[in-house]
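Labels A, B, C and D are assigned to the chains in the order they are written; within every chain, residues are numbered from 1.
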Amino acid sequence: MEAEVKDQLVSIEKPGLIAPPNWEPVIMGILCNWCSYAGSDLTGTSRIQYPPNIRIIRVPCSSRVDPWFLIKSLQTTADGVLVSGCHPGDCHYISGNYYARRRFLVTKKLLNFVGFHENRIQFSWVSAAEGPKFAKVVNKVTEDIKKLGPLHLYKKENFEKK
Amino acid sequence: MKKLTYFPGCSAHGTSEEFDSTLKLVLKTLDVELEDIPDWNCCGATSAHVMTENLALALPLRNLVLAEKLSNTTMGIACASCYQRMKVTKVHLDENPELAKRINTTVVEEGTYQGKVDVKSMLQYAYEDIGLEAIKSKVTKPLTGLKVACYYGCLLTRPKNITKFDSPEYPVSMDQICEALGATATEFDYKTECCGASFSISNTEVVESLSGKILEMAKESGAHAIVVACPLCQSNLDMRQPDIQKLQGVKYNIPVFYFTQLMALAFGHPIDQLRFPKHIIPVEGALANIGKVEPVPQKVKKTTKAVEAESEAK
Amino acid sequence: MARVGVFICFCGANIADYVDVPQVVEEVKHIKEVKFAIEYKYMCSDPGQGMIRDAIVQYKLTSIVVAACSPRMHEKTFRKALSDAGMNPYLLEVANIREHSSWVHQKDKKAATEKAMDLCRMAVAKSIANEQLHEISVPVTKRALVIGGGIAGIQAALDIADARIPVVLVEKSPSIGGKMAQLDETFPTLDCSQCILTPKMVDVASHPYIELIPYAEVLELEGFVGNYKVKIKKKASFVNFKTCTGCGACWQKCPVKVPNEYNMGIDKRKAIYTPFPQAVPNKPVIDAEHCTMLTKGKCGICAKVCEKGSIDYTMQDEIIEREIGAVVVATGYDMWDPKPYEEYGVGRFKDIITSLEFERMVSANGPTNGVPVRPSDGKVPKNVVFIKCIGSRDEAKGIEYCSKICCMYTTKHTILLHHKVHDSHAYVFYMDIRAAGKGYEEFVKKAQVDTAATYLRGRVSKIYKKGDKLMVRGEDAQIGQVVEVEADLVVLATAVIAPKDNPDLARLLGISYDKYGYLSEAHPKLRPVETAKAGIFLAGCTQAPKDIPDTVSQASACAAKVCGLFAGDTMKKDPMVSTINNEYCSGCQNCVKVCPYGAIVTDEVPFGHGSKEMRTVAKINEGVCQGCGSCVAICRSMAINLAGFTDPQIINEIVSI
Amino acid sequence: MNYTKQIQEIAAKLFAEGKIDVFVGYRMNGFDENQVPVLVNTADDVSKLVFTDKSVFNLVNYLKNEHTRRKRVGIVVKGCDSRSLNLMLTESQVKRENLYVIGIACEGVTDDSGQKMQNCVDCMVPDAVVFDEMLGTPAPPQNVPVSYKMNADIASLAAMPLTGRAAYFEEVFENCIRCNACRHSCPLCYCAKCCIDQETATLYNGANTTSAAFHALMTWSLHLAGRCVDCRNCEKACPSHLPLHLLHKQNESVIYENFQEHLAGVIPGDRGAFYKYSMKDPDDFIM
């Protein structure tokens, strides 16, 4: 019995909370249309395999990503989020990713500050040519978040109970 | 009374003794006091840097560290090769402190290198720190009539990003100094050509052909004498001149002065102190031109009116 | 109540083999908004699209989800299918279950299927929030601005004008013609530059659709593609072009002599001058810098001798405005100043000249009537040394790139020398001979035979004076020896560089430029004449060094682009742009600051209904907005939204799984 | 620190000269030694005005108020208040020409217990940065920017284990009653309609749950990131006494350390860290 519990995966923020058997994390991937989404398409066309946990949302530019997209994802469906855009200097819209970069850093640090593990919010630059890199990124993010266990902070259902 | 840290280098005590001694004369007149670096060592020129970088840097570094013990901010160097080694070392070490730390470990007992002493060739010092005006002011016997070709050699102004002094291809600092002394500097395109110094032991033919060309061009430019600021240049151009003349069958008889010798001369120091006997090519012929000024050709013919006006004035 | 139709594609085996499509169909049918769901082998095929069209009508669908390949692949196709069925094409959402599921999870069909379901759910959820969007059409001003009156500008202007589109041609010097007007003959055919250029120049002057504005500069460009407004400064010429007949009495009498730019300062022009005899317009201007009347208030001879009384010393610079739809930038190039080559004695030796100076000398209408002479003593040179790659391909002293034209014009120069001075001999020091181009290699070969010029492969290390000759010492790499050539004249083939005021112009136009100052094209291969800013095009050497044929082709390409842009009365534009809700906008104007395209301006609206007091709000210029969404994300009061990617759409996606 | 007399004189003068329609200041609350904001509309009421180290509130908040928006206003600002005023001006919420600003060289204000307020202890910009006239002696301008003072609470919380932090903040957000007093007391929350109240913004708009509070407060603090001037009006207004400054100070420190930005509102015309960028911004946290 003791052992069993040990083997089970606990939520890193709430050790009391144990993941259901064969739990799989959900990762919300928000990709910019011109680099990262194209890159992820390339990953597909070149048949590079990666874990199926990621759910991809297309936005025109990483600068379209409002921090509360991340907050909301984490509060509702996702155990982690990945935002990906064009490499600095490659932005299709000249400077979008520079503005985004600042917001991302502050958001990541703030969420970590209020108790989210930093690996639940991740960012990457993936160009339209970097199919393999996209697969690598998704692999890493998925592994990281599997280690962290289910996210149960401020999930809607937690509070409808009371 | 200015003060200057002085690195004579080995040649100052041998081949270029006259450079050293006249330099001291001149600087006394310009009231600059020289302070020798205590216990200075070989700069490692020509041999060290073809063997190992560490040694090539360590040898000058020791001198630099020692120089920093003295209060002066500038180190003056007579020999062009020594100057080159010191300057190169200084620039390299100042650019990457990591390297400086590493090399410093070899001379750690002398102290740590701070890079606060500036390195200058004597030519650069005379030109920048003393200045043409000061030099002019000390001239008592102007060298009017003496035409000189100023030869800088390969080291004094090169590479540009290291020396940061004058033009690497067509420098003029020495010319201007000579002009300040009253002499005339000729337009001499071989100012910075190679004299073949590196081969002076191993392959003298090369030296002779290269130095020969320099002498030829100097004559071509109408110079009575060549002026240098580097012991090796001097020895190659002066000492080898007889052989070169044999080789080419041309009589140049063109003496090779250190610029300090001419300065001393113009400052009115007694001729016997200038160590001219040490020269292979006798200097008298060239010096004879001093005072001989060929008349400037009358450019504009005066109008009769002007002549009349003058006569009336008288 | 939304009625969504979902169409799931097998994509042959591409999807079907790794995703259990029927199961996905069953799953999506459980979503309450989904009124119709079906799978098919190839959705993009005609029957596939047919199914979509029929279903739309039959089930009164309000939005469509196609689960297939990436939207980057077939979004347009399916949008078309929607509009064919009379439905707004932007009510379509594509779930990318091929690139994002079946192809990347081939080892785990269950997971792939589940993911496909989620992707469909997300697409359905998003499509529910989709709105009807309509292509934006922006009116265009059908007038083009051409900046620079060299051969590039001339060609572009003529081609555009011939399509009956008005052109404003701005040239900063008093005459059009540019560098080509300074050339004698042109490679590889040796036809006289003047003979082929001047007719074009005259055409420009007389063309009913071209407004030629010489001696002027562009000050400011505002607006956006199809709707630019340009401010042009007409520099004061102090000559009334309307009355001036160009008789030339003024400049014949003018006492002030100034180095002549057109002849590279080899001879002198007057303070009132026409740059060269064939100038267009052939009217003189006064060089305010040197004219003693304007500087000291003395002289005034030109005014006295002018019978038409066209001279007006009080003339001021004039600012004019023009409405234009597109811009062609053709500011040409400069020649590199070889001063850094100290070892050559550049600046000390009079008899070292640049290739353009040589060009002027050998030119029939040049300062020496077509005979090359030594600047030092005016003698005709016998031995002439040409040195190539002066500044080009030289990281140490010049620039890394190859100037492209020097090989050819130097070859030309050897021929011209041979023609003008029969007993002369040319020596050419070169690194490579780059003669890629129609008839170029043949040209070089022939020249080498005809002129018997000595080609020495290697760099020149030193030039020194011996008597009145220049001794050129270099290496002949082919025999591996140092060679010395006794030269009467040395010609340096100096590098082609970008005009020094290119960066300023680029800033003023809002386009980018590279580290050398050349203006940057939108794509090095596929969009070589466009810039990143819509409606601004590049012609000639302002983009990179080019020879005349390339320049002319690029100029004509620009013309084609401009004509294309002006084909309709309006330009169609993707409707996925930002929109502002005035009610929520608090007018902090942070969006104005952040927008990379300056697409957001401020607007005044009344406080509440019928209120007199006005308040400031932001306003999107649909014509300029590119739809990046930067403004949406930074708008705290969420007054801005991006059509096609609205907050509701994205939230629905997030929460749908 | 007591400028009551001067402020009364200035206000009287302004009314006399007809320069202002309303003066925003502090008055005693009447039942203890604490003060409350007051809008003085006539010269007669000038005598109400006081200013001591009990003048804690940030009066700039009242410039977004209906009573002052269309009028010419005289106002008293301390260092932090003036910074928020600067931002209001930059974001064109108030017109400078409608304002007569009395700047205070602030020596720090005290809370109910008479203790100097924490943000005053950490204060980096005590003197008003925008003013028509200055009371007190401002510190001489130092050319070296003041080094950033790390907030002690932030440091200690950052040192906590993740689970600890999570638990701590879960309690904080659980205690929030979603009254939005923080928002209303913040001078920089002037939006026509707050995004939190908009349909699209949140799943549970208005709902009084921890998750809703979390969402609201996170969004709020991110909207104030690079703009918050740490005047603590929100904390003073919060009925549940939530340590709201933690969120703001956290963002402030991140911004200050990573983007080398100066503090919010110190430079006139500066809009704050999120509305500009630098090529040199940290990139190492991105894969």
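Worth a mention:
By our rule, a residue touches a chain if its C-beta (ideal position, glycine included) is under 8 Å from a C-beta of that chain, and two chains touch if they have at least 3 such contacts.
These numbers were taken from a predicted model, which means no experiment stands behind them.
A count of contacting C-beta pairs for C-D and for A-C identifies A-C as the more extensively joined pair. Between the CA-based centres of chain C and chain D the separation comes to 49 Å, rounded to the whole angstrom. Chain A and chain C have Cα centroids separated by 41 Å. Between chain B and chain D the centroid-to-centroid distance comes to 71 Å (mean Cα coordinates, whole Å). Here the CA centre of chain A is 34 Å from the CA centre of chain D. Across the assembly, chain A contributes 72, 76, 95, 99, 103 as residues in contact with two or more other chains. Along chain D, residues 201, 203, 274-275 each make contact with two or more other chains.
Contacting chain pairs (ordered by label): A-C, A-D, B-C, C-D.
In the complex of the two chains, the chain B residues touching chain C come out as 167-170, 187, 189-190, 193, 217, 220. In the complex of the two chains, the chain A residues touching chain C come out as 26, 28, 33, 37-38, 40-41, 43-45, 47-50, 52, 55-61, 63-66, 69, 72-73, 76-78, 92-96, 99-100, 103, 135. Of all residues in chain C, those touching chain B in their complex are 342-343, 345, 348, 462, 464-467. Contact residues on chain A toward chain D in their complex (touch as defined above): 12-15, 67-68, 71-72, 75-76, 88, 95, 98-99, 101-111, 113-117, 122-125, 137, 140, 153-156, 158-160.
Put simply, chain C touches chain A in their complex at residues 70-73, 96, 98-101, 103-108, 111-112, 114-115, 118-119, 122, 532, 576, 594, 596-597, 626-630, 632-634, 642, 645, 647, 650-651, 653-655, 657.
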